[in-house]
Amino acid sequence: MKFGIVRFPGSNCDADAYRAVTEGLGQEAEYLWHKSHDLAGVDVIILPGGFSYGDHLRAGAIARFSPIMKEVVEFAQGGGLTLGICNGFQILCEAHLLPGALVRNAGLRFRCHDVGLRVENADTSFTRDYEQGQRLRIPIAHAEGQYVAEPATLDELEAEGRVVFRYVDADGEPTAAANPNGSARNIAGIINAGGNVLGLMPHPERVALEVLGNLDGLGVFTSLLHTVQASATADGPAALAGVGP
Amino acid sequence: MTEAVLDPKAKSQGEEPEITAEVVAEHGLSPEEWEQILGIMGRPLTIAELGIFSAMWSEHCGYKNSRPLLKTLPTEGAAVVQGPGENAGVIDVGDGWGVAFKIESHNHPSAVEPYQGAATGSGGILRDVFTMGARPIAIFDSLRFGSLDSPRSRYLLDGVVRGVGDYGNCIGIPTVGGETVFDPAYERNPLVNVMCIGVVPLDQLIRGEAKGVGNPVMAVGARTGRDGIHGATFASVELDEDGADSRPQVQVGDPFTEKLLLEASLELIERDLLIGIQDMGAAGLTSSGAEMAARSGSGIDIDVALLPVREEGMTPYEMLLSESQERMLLVAKPEHEEAVREVLTRWDLQAATIGRVTDDGMFRVRLDGKIVAEIPVDPLVDDCPTYVRDGIESPDVIRARESDLDEYGSFESDRAVQDALETLLDAPTIASRRWIHEQYDTSVQTNTLVGPGSDAAILRLPAGGRALAASTDGNGRYTYLEPRVGGRIAVAEAARNVACSGARPMAVTNCLNFASPLRTEVYYQLSEAVAGIGEACSALETPVTGGNVSLYNETGGKPIYPTPVIGMVGVLQDLEQRVPSAFQSPGDEIWVAGSTRDEIGGSEYLAAVHGVVLGPPPSLDLDEAKRLIDFLVVAAEGRLARSAHDCSDGGLAVALIECGIQASGGPLGFEADLDAVSVDGNVSEAALWFGESQSRVVLSCSEGAGEALSSAAKRLGVPLRRVGTVGDRATSCRLQGSGHHVDVSIDALHAIYESALPRRMSEQVGLTA
Amino acid sequence: MSETFSVDVRITPRGGILDPQGETIARALGNLGYEGVSSVRAGRLVRIEIEAKSADAAQSEVERMCEELIANPTIEDYVVRVRDTVGQ
Amino acid sequence: MSETFSVDVRITPRGGILDPQGETIARALGNLGYEGVSSVRAGRLVRIEIEAKSADAAQSEVERMCEELIANPTIEDYVVRVRDTVGQ
């Protein structure tokens, strides 16, 4: 199976995603240059973290217009599995593949540390290898990670099981203290209605190698692998794990 | 090619200012130096030429006052691949890999504009590393500020931390360590030193050379504006009290462009398309051009009309001296000029061929073909006069050092001990730096095995299963009280921090932050501190591979403490042998290695609790320091210890509590008997609890493993004594010694330690455009 | 004939969207002793010099830019104002 | 009697100071096909509601705030404009 990792000029977690896929998961990965229009036949696209265009204006605002994004949007709209991490999540929102927006952290400062995450929906193509409600420890590293959306949008996300990860404390509770950036309802990651586009602020690719002593992020990648393997034996993207509460 | 004699009047755009004695003085050149320059040139100079000399002969580029001292430092060792003189030093870490590293100061710019000053400081040192062909894997920031009680210090800390953070975070280089010290001595003149470490396949190492007649010289990256003109000279004069009038155009950093430069440069180097490459740092095009030519004994002929500029009407003088950030000068292999251009274009970078390499030894600058400056490279770069001055120790310092400290030696009650302990844990110099390092991306690149908060940071190396440990250290207060000892301790503490993590200390980069060397007492500090650094580096077999000198750190006549900062790197042959600094599990035995002496001079205890900076700093026996390091490495290799933490600011009591507070699964209480380390009983109460005797380490090992640890210590001649046992979360922190007892919950101490910085910084408004 | 216009885009956080930066400035002003400040909103200003046939043309061109790139309507309000022509 | 005024502070990078954000926006606009954009400067907008005796008083009060806190004169220029009174 092959992952495509988009390289914007200011991507800086592209190599980490590459290592997570190749060394952590043992699968193939290929970089997709932002100026290209060729998706190289990949099964999954990752929009990695970083500062795609210096994050000038708004994080992700300019990246959305990169040449490769035309193909990425078509891929995602056609049901292709697309994972946006951190800056990738911001780009997915700017590109309207996911609702809402990510704004400056409530504390106004960049924050980098491990957070507690609860898997709110273990029935997606990205989380099938986790347990429902499982608590993970995954690092964040961002200055603009506060998820905001209209209340109606938030209600819809909740009702459809599309809030996939939430910031929680040591007891697994989504408290204000556990919320590192002021995100609405402690939301750390969401999925689109089709169940094939996931964005999250924390960095699973940074905790997907044995040597680093924490493998909590690897499940995202194994889930994708198992989804693709399952669909290869069934009949294409339509057979991807559905979304639903 | 030689052209007709220069007519200075016709050379620059617009009016050519007359070069009067006053203009020369404004350029920071003494009348004698000016005579020497006229002698070299044998004719009147153009204003552009004056600018070039002034920059190259500034303290910053020419090391006028420090070069003779720096020459005394040991620079050779089996692992050294590149010593001082290049953009960065390089050591061999095995399997064909090198580690490039260097430290640089950006003190004056940070005093004027903390955010941009710190950001551009980070940018400069990153370029020094990746222009060696190395990919940066870590940043360290060594910072000094005044007391956090002052709004200005809080403003500076806030801006500097955001500046360091935003720059490295954006590019994706983890900032994994550093130091942050607060003392009124730095109130007006903060110190911002940044170290960058990179990894490079040794066969890909490249240098800042300009070889091969006719080869194209290219200016790459950001366009040139009027930023920081005379920044290099500015860094070499003391700040005005108001700072405002002499304020040059502030340099603004753009980490996004730097990221493009980084990726493009590494691609160019990897594909072997270049002859040489150098950062346009201090003194911009002037120093990069002249230094590249000097290194290869060639000449360089450039036309500044070809330089991409950001502003209209810039004169050659301005273009030559601009310190616009994120620019590099490179010499391409002629057959690859197009390929070079193609790579740069792909990374959306400007590239302009501005001239050629020559063999006539001249640094020649033209404007639209007409020569505006023509200076022989060798004297320009090498003949900068150096000064060996007389150093005389200040009587005030002698008096402070020789003060009687008896009145501070004992405690009235157990409560007084606890109060002192709590004051120390709340002291910004000791308290948790979480508020700082959580603003830094510490885990990007997935190499960080140990990030900030430990004695040394540890990073995976590409070379098979190895890891790198690094630390920055320097104690200005010690150096003030006794400069030679302060210099030695800076090296020894850095080495000890690295060894605590299980690594063998290998090599050093250093940043010398001092006041004006024209003062005899400051020159004394400088020469003594350098001597101390040299002695320690020789004894510990950690050669110096590079560094930086920042002088004139004084404002309104108030000098900073002399502050040598040492960046030490070491290697763990097996990354699994790394040793954490905090306690691991209840029931583990606690041991202390090293000798506790009757020393409280220069301690954080005296400063934080009694508000005085007095007495001699702790002594440092270099043999003892070396034996301790050997012991720590042996203990790590043999997996004998479960934790090791250096005993420094705040002494033994604070070190023990830090080991408990920082336990990774949450704080662990413990009990410890300090009397166990006081063998001869001649140690005062205060020295026992809070003295900062050197070469001491708090270790822990699993129950019953103490014997193996002891026999290793004995074999290596290191005193090692059992002091206590690790407890659990519910255990309080129970310390006793010299007849005093303290029994406090570890959670209460943890709360003090963690809240010290956030409490003081909570109202800081971080405003950035 | 076309002239160069200087156009300001003034972007503010949409009502309902938290503005921690504005709140922090308000609090800091209070600490510095400024009274009577009832609200502070922190936004962005983008100043564009653009060649256009008329002020109206400049205005509508910049408005298009805002819709497409400069502002994000989910979180931001904006107004476009042609300030003046830029002297030659 | 005092009224509440809405005052804008428009902050832009000082002339000659590098403005990477403005340059990036300009480049992006060019890539999107907008022509005739000769310069983009990216700044900040701070909108303050303040009670004051008069528009002049509001103006000078906010100017003091800028000097003390809101703007960074080392790298930024600013203008203060009283926009209007805030309706009750």
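Per-chain numbering from 1; labels A, B, C and D assigned in written order.
We adopt the following convention: a residue touches a chain if its C-beta (ideal position, glycine included) is under 8 Å from a C-beta of that chain, and two chains touch if they have at least 3 such contacts.
Just so you know, these numbers come straight off a predicted model, no measurement behind them.
Student: If I rank A-D and B-C by number of C-beta contact pairs, which comes first?
Tutor: Of A-D and B-C, it is A-D that has more C-beta pairs in contact.
Student: How many angstrom between the C-alpha centroids of chain B and chain A?
Tutor: Inter-chain centre distance comes to 37 Å.
Student: Determine the centre-to-centre distance between chain B and chain C, using the mean Cα coordinates as centres, and give it in whole Å.
Tutor: 41
Student: Could you please state the distance in Å, as a whole number, between where the Cα atoms of chain C are centred and where those of chain D are centred?
Tutor: Centre-to-centre distance between chain C and chain D: 8 Å.
Student: Among all residues of chain A, which ones touch two or more of the remaining chains?
Tutor: In chain A, 53-54, 56-57, 62, 65, 108 touch at least two other chains.
Student: Chain D: which residues touch two or more other chains?
Tutor: If we look for residues of chain D contacting two or more partner chains, we find 11, 20-21, 24-25, 28, 32, 42-44, 69-70.
Student: Send over the residues of chain B in touch with two or more other chains.
Tutor: Residue numbers touching two or more other chains: 254, 256-257, 765, 767.
Student: When you draw the chains as points and link the ones that touch, which shape shows up: line, ring, star, complete, or other?
Tutor: complete
Student: Quick check: in the complex, which residue numbers of chain A touch chain D?
Tutor: 53-54, 56-57, 62, 65
Student: Using the touch definition up top, name the residues of chain C that touch chain B in the complex.
Tutor: So the residues of chain C touching chain B come out as 21, 24-25, 27-28, 31.
Student: Across the complex, what residues on chain B touch chain C?
Tutor: Touch list, chain B to chain C: 763, 765, 767.
Student: Please output the residues of chain D touching chain B within their complex, sorted ascending.
Tutor: Of all residues in chain D, those touching chain B are 11, 13, 16-21, 24, 42-44, 69-70, 72, 74-76.
Student: Spell out the residues on chain A that touch chain B in their complex, using ranges where they run on.
Tutor: Residues of chain A touching chain B: 9-10, 12-13, 15-16, 19-20, 35, 49-51, 53-56, 108-113, 139, 141, 143, 203, 205-206, 209, 211-213.
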